[in-house]
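Labels run A, B, C, D, E and F following the written order; every chain starts at residue 1.
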Amino acid sequence: MRPSERQADQLREVSITQDFTMHAEGSVLISFGNTKVICNATVEETVPPFLRGKQQGWVTAEYGMLPRSTGSRMRREASAGKQSGRTQEIQRLIGRSLRAAVNLKKLGERTIFVDCDVIQADGGTRTASITGGFVALQIAIEKLIGQGLLAESPIIQNVASISVGVYQGMPVLDLDYAEDSTAETDMNLVMTEDGRFIEVQGTAEAEPYSMEELNAMLALGKKGIEELVAAQKAVMA
Amino acid sequence: MRPSERQADQLREVSITQDFTMHAEGSVLISFGNTKVICNATVEETVPPFLRGKQQGWVTAEYGMLPRSTGSRMRREASAGKQSGRTQEIQRLIGRSLRAAVNLKKLGERTIFVDCDVIQADGGTRTASITGGFVALQIAIEKLIGQGLLAESPIIQNVASISVGVYQGMPVLDLDYAEDSTAETDMNLVMTEDGRFIEVQGTAEAEPYSMEELNAMLALGKKGIEELVAAQKAVMA
Amino acid sequence: MRPSERQADQLREVSITQDFTMHAEGSVLISFGNTKVICNATVEETVPPFLRGKQQGWVTAEYGMLPRSTGSRMRREASAGKQSGRTQEIQRLIGRSLRAAVNLKKLGERTIFVDCDVIQADGGTRTASITGGFVALQIAIEKLIGQGLLAESPIIQNVASISVGVYQGMPVLDLDYAEDSTAETDMNLVMTEDGRFIEVQGTAEAEPYSMEELNAMLALGKKGIEELVAAQKAVMA
Amino acid sequence: MRPSERQADQLREVSITQDFTMHAEGSVLISFGNTKVICNATVEETVPPFLRGKQQGWVTAEYGMLPRSTGSRMRREASAGKQSGRTQEIQRLIGRSLRAAVNLKKLGERTIFVDCDVIQADGGTRTASITGGFVALQIAIEKLIGQGLLAESPIIQNVASISVGVYQGMPVLDLDYAEDSTAETDMNLVMTEDGRFIEVQGTAEAEPYSMEELNAMLALGKKGIEELVAAQKAVMA
Amino acid sequence: MRPSERQADQLREVSITQDFTMHAEGSVLISFGNTKVICNATVEETVPPFLRGKQQGWVTAEYGMLPRSTGSRMRREASAGKQSGRTQEIQRLIGRSLRAAVNLKKLGERTIFVDCDVIQADGGTRTASITGGFVALQIAIEKLIGQGLLAESPIIQNVASISVGVYQGMPVLDLDYAEDSTAETDMNLVMTEDGRFIEVQGTAEAEPYSMEELNAMLALGKKGIEELVAAQKAVMA
Amino acid sequence: MRPSERQADQLREVSITQDFTMHAEGSVLISFGNTKVICNATVEETVPPFLRGKQQGWVTAEYGMLPRSTGSRMRREASAGKQSGRTQEIQRLIGRSLRAAVNLKKLGERTIFVDCDVIQADGGTRTASITGGFVALQIAIEKLIGQGLLAESPIIQNVASISVGVYQGMPVLDLDYAEDSTAETDMNLVMTEDGRFIEVQGTAEAEPYSMEELNAMLALGKKGIEELVAAQKAVMA
């Protein structure tokens, strides 16, 4: 029995609120249960130096947590003077994942920044960031199309992300903090709507996992991703 | 005529939402019109080194803005590796203002951190932070009393903050971004509910201001503070 | 009775020594009693990026304290690797104050840096920095005029600064360290020679201050500023 | 055909030189073809603050590259003033992987640092670091046993790491730089000698990968890990 | 002919002003011609961690330059966020040189910080810092003896420093900036009053120097040191 | 008797291995006994900003130590976030020394970086770095000549470096760590093959040294440099 009383293959309640803030070109608040992340997409009409003149665009991401998004207060990274290794690892993952959803040639010479700021954390902040960040990105791109700055969408297909794990010997979907902090294995999946993989990142926390456990987790993840893509499409409908 | 079509002495709509996030001992979302700030108060049972053994507590504040809380994206301070001078100046002001509301001897040897994170900015982020931060602080203190950790409240009286200014020659209350960015003078007031001053910070942006203008601004501010204190009390009733 | 045995409305002895160092375009040593600050103005024929091509100049300031300018040794900020929040707040204040004295359009596309370095501190270092910094700036501008690089002075009028406060219930002018560290209220004023305000920054350290106390402090400040402007003019005569 | 003319399931030549430097408790030079990494294990009789008094040890890792270990010179991280996100991500991976090989309770209250410094890079530096780092760790532990500081080995089983990928549509083992930089998918595996997983990290660089491709890569990886474990055991025999 | 019209073996005018600032335990302003350095010695009743319990004291130094101590304005190191390599090299030299003058065992478990801040630079700032820093250190030690905190002086003998060089083929003493910036060789000597060496640091800027030139420079330096030691003793008489 | 049982004027065994790594334009491993340094020279076809358009090249150096190159593990500078004062001082010395070997006008508008990374330390790491760095530099220059990018060598003459010192009252050549850490005086010499000086840096660690001791050390150094230049020439023959 999971602490949350969910079934092994059951996502937490997912909600995606559009236009959560007013200034960003694309803005959503995404919730995976008690995990809440503001995803803001910003369009800038420049590209980083390494892409200048290459007739393509760029998508990048930054990630942060409010100091008291967590059970005990974390030190503010701006005050500490640097982003932790964990923060950098997560924002690199979000950026790679979102770039895989976009044909950068078709985006034109512009950059889309996706800022994912966790205002409340209960496990799965990176998977919520990718799933919500995709929607913020898509809204910003729709706006570019609406303004005539893009003729057609550079989005290839939907991308979403979910965690899976082994909790007390049982493969489970979408771990919350109580599960994640005691799970034997924690795996984050980033997948496309056609069921292929962009990222598989699975870490044995306590005990190495077998090929059978890996396959069970991948199957759970595939089901979760399908539901998340449906939620993404519902909000854009 | 103000761009917002408000009267010279009219505040923007103020709202204070309690328990906006789940982990903090005190949490509110405060809005001054389109300016929205999450204020989270955290209680820690320690004091900074300079107060150890002095049988008193401490109240301190940190301030941040989401990169896209503003009209164009600002660089994330955690990524830049330091807090700007403006950020540090504001968080020092919030901390001083909130300490003036509290009898630190009565607080006991503990620290309350008040994190003010701007999720949407339209002028007046520091005054909203102080006004909402006071409520978050008060909720956290009520919780300490409820838990029997404090016998009586160390709060002396309510503290709130509002901006005043001179806009096109006219003294006005509670400047939004459109007004603030073109005002001749911008002044932030922090006051107690009994009408005395904790902070007066007035800066001539374009033209020095006269004693008469100063007095007119102080009178507007007094009226605004009274309304804000009423809003603080309503939410705690 | 003040510790210094001064009258409530009495400044400390003010002296301004011209050409204190040899390289700067404008250099003074200013003393407010035992507080001593070297103010060096540097002219550079460039403007910061945000002003390029806008046909105006810029005035900016930096502030520092020698590690042993104070009663006990402070950590050197260059060695600590960053300027404290207090330092940044003061240098932003000095810069804003001096810009208010200058018509930046008339200055032409150049920057004047005013470096204020405290070699001995006894309260009032920021007010001495602004008052002396104005003279250093004026000397540098005179030099530009003398070299034919400026046709007329861009200085609008003199700017000076002084502190006022409430000490043991009595409003007083120009607090030294012994007074400042125990005053109930500490207020810094930056004013023009025609009696208007550029900055009012008043902080209640112990007890909030009333409108009556505020008015008494402003009146003292006005008198002090008049004497400082006279001292500035005497040295340039 | 691979650029290296290797078979799809063929490792590069692996060599492990013991006692490569004289001071470290465990020191090896490991080569995966032209990739060469010095792995030095240091034993310190302390644990990090978060483990004090918990009667267990710790294993951690740091990773670096000589500036000219690569085809063009990289900026020295010590001179840049920070480790890149990539470096931090890799050293966190090495640390997690090696901790999974050790029963930290049996290690006692001590820390083993494993420093992996790349002196020549040709793809696979992180997998060589983990594989060689395990041997350095094992040598250091043997030394502790030899000195009577440990009664029995806390090593659970051998851990090794290898990359797999999809190169021009073909799943391949142990990518060198020429393959890695153009592969569609790059996956790093960390496995135990009994064929279970500690880490699976697979990233689609160009095109998402299917479940079939994932399974083919995992099978190649299993074969490579078996050969690497044999090489680790040979050097310790 | 030297630009300064001095003889090859002629020092610039040296002056040492005692009690230049009021707070430091030892304070002098030293001038070598137009080079002016404030040297402040601070006594703290602690030692650095690596000396705790070793029943000896410590002497250390920090060095800084006011931004406009030089012909063109240098960036403020506190604002740049770090001390340059040059600054660190100089302050390490000052510290080593002054420690060589003191019997650290006799100093007791306390630290003397010597802060050398250049307010005007014209070559030879490090040699002036050492020579003046010694006097500030000596004054602070006299004060400790006067307060009964030290029974006898831990100073072994006087230490002073001077530069020598080869300027247009001619060995010269005490280079000013005009000479230093074009000299073929620049050498800094730190010597004791009995004519022995604490530091010899000679750098060929343009052309390697021969043993004959080295010997000529050392002879000039010895003469200069004798004059500086006399000046140090005169001020303490 | 020296701990190493060497004669007072005897170098440790010197070896220089060419092409130690594969990517650098010039790469050697140099050993002075147990001290081992990788010296990699990189050619870049740019010059630093201060030399642009001046029709000359630049030679610069960086220095680092592997964390466990020493008897106890040192903190990794990249992780600490800055290079120590010692590191900066050494790399400035290496750079100056190597520039003295090269006619920068003849080098053309390009920069040669010489990275010296200590993989095992036993005293004399800076002298080995300079001596080996010269060879790496020379190999890189030979490669430029071979590619037709340089018509003639800009190298003026060989440069090498060695330490000398006073150990238990006896002047000795080439101190290893056991000698260096207890020597009364430690001096590093950088000399040209014609016996002139580029750098003399001698520090009294315990007792000031006399002119006689200085002369004895310089004579030992001259002998050592001659042998090192011979070793440099042998490897390039």
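Rule of thumb we're sticking to: a contact is a pair of C-beta atoms (placed from the backbone, for glycine too) under 8 Å apart; a residue touches a chain by one contact, two chains touch by 3 or more.
These figures come from a predicted structure and were not determined experimentally.
When the partners of subunit E are compared with those of subunit F, no chain appears in both lists. The minimum number of touch steps linking subunit A to subunit F comes to 2. Repeated interface: E-F and one of A-B, D-F or A-D share more than half of their contact pairs by residue number, and that pair is A-D.
Note: the chain lying farthest from subunit F is B, by mean C-alpha position.
Of all chains, the one whose Cα centroid sits at the greatest distance from that of subunit E is A. Subunit C has its Cα centroid 28 Å from the Cα centroid of subunit B. Between subunit A and subunit C, the centres computed from C-alpha atoms are 51 Å apart. Averaging Cα coordinates per chain places subunit C and subunit E 33 Å apart.
Contact of a single residue of subunit C with at least two other chains is seen at positions 81-82. Moving round the ring of chains, first from subunit B across to subunit C, one meets them in the order B, C, E, F, D, A. By the touch criterion given at the top, residues 21-24, 27, 34, 36, 38, 40, 42, 44, 62, 64, 66-71, 73, 76-83, 87, 113, 115, 117, 119-121 of subunit F touch subunit D in their complex.
Put simply, subunit A touches subunit D in their complex at residues 82, 85-86, 88-89, 91-92, 96, 100, 187, 191-192, 194-204, 208-211, 214, 218.
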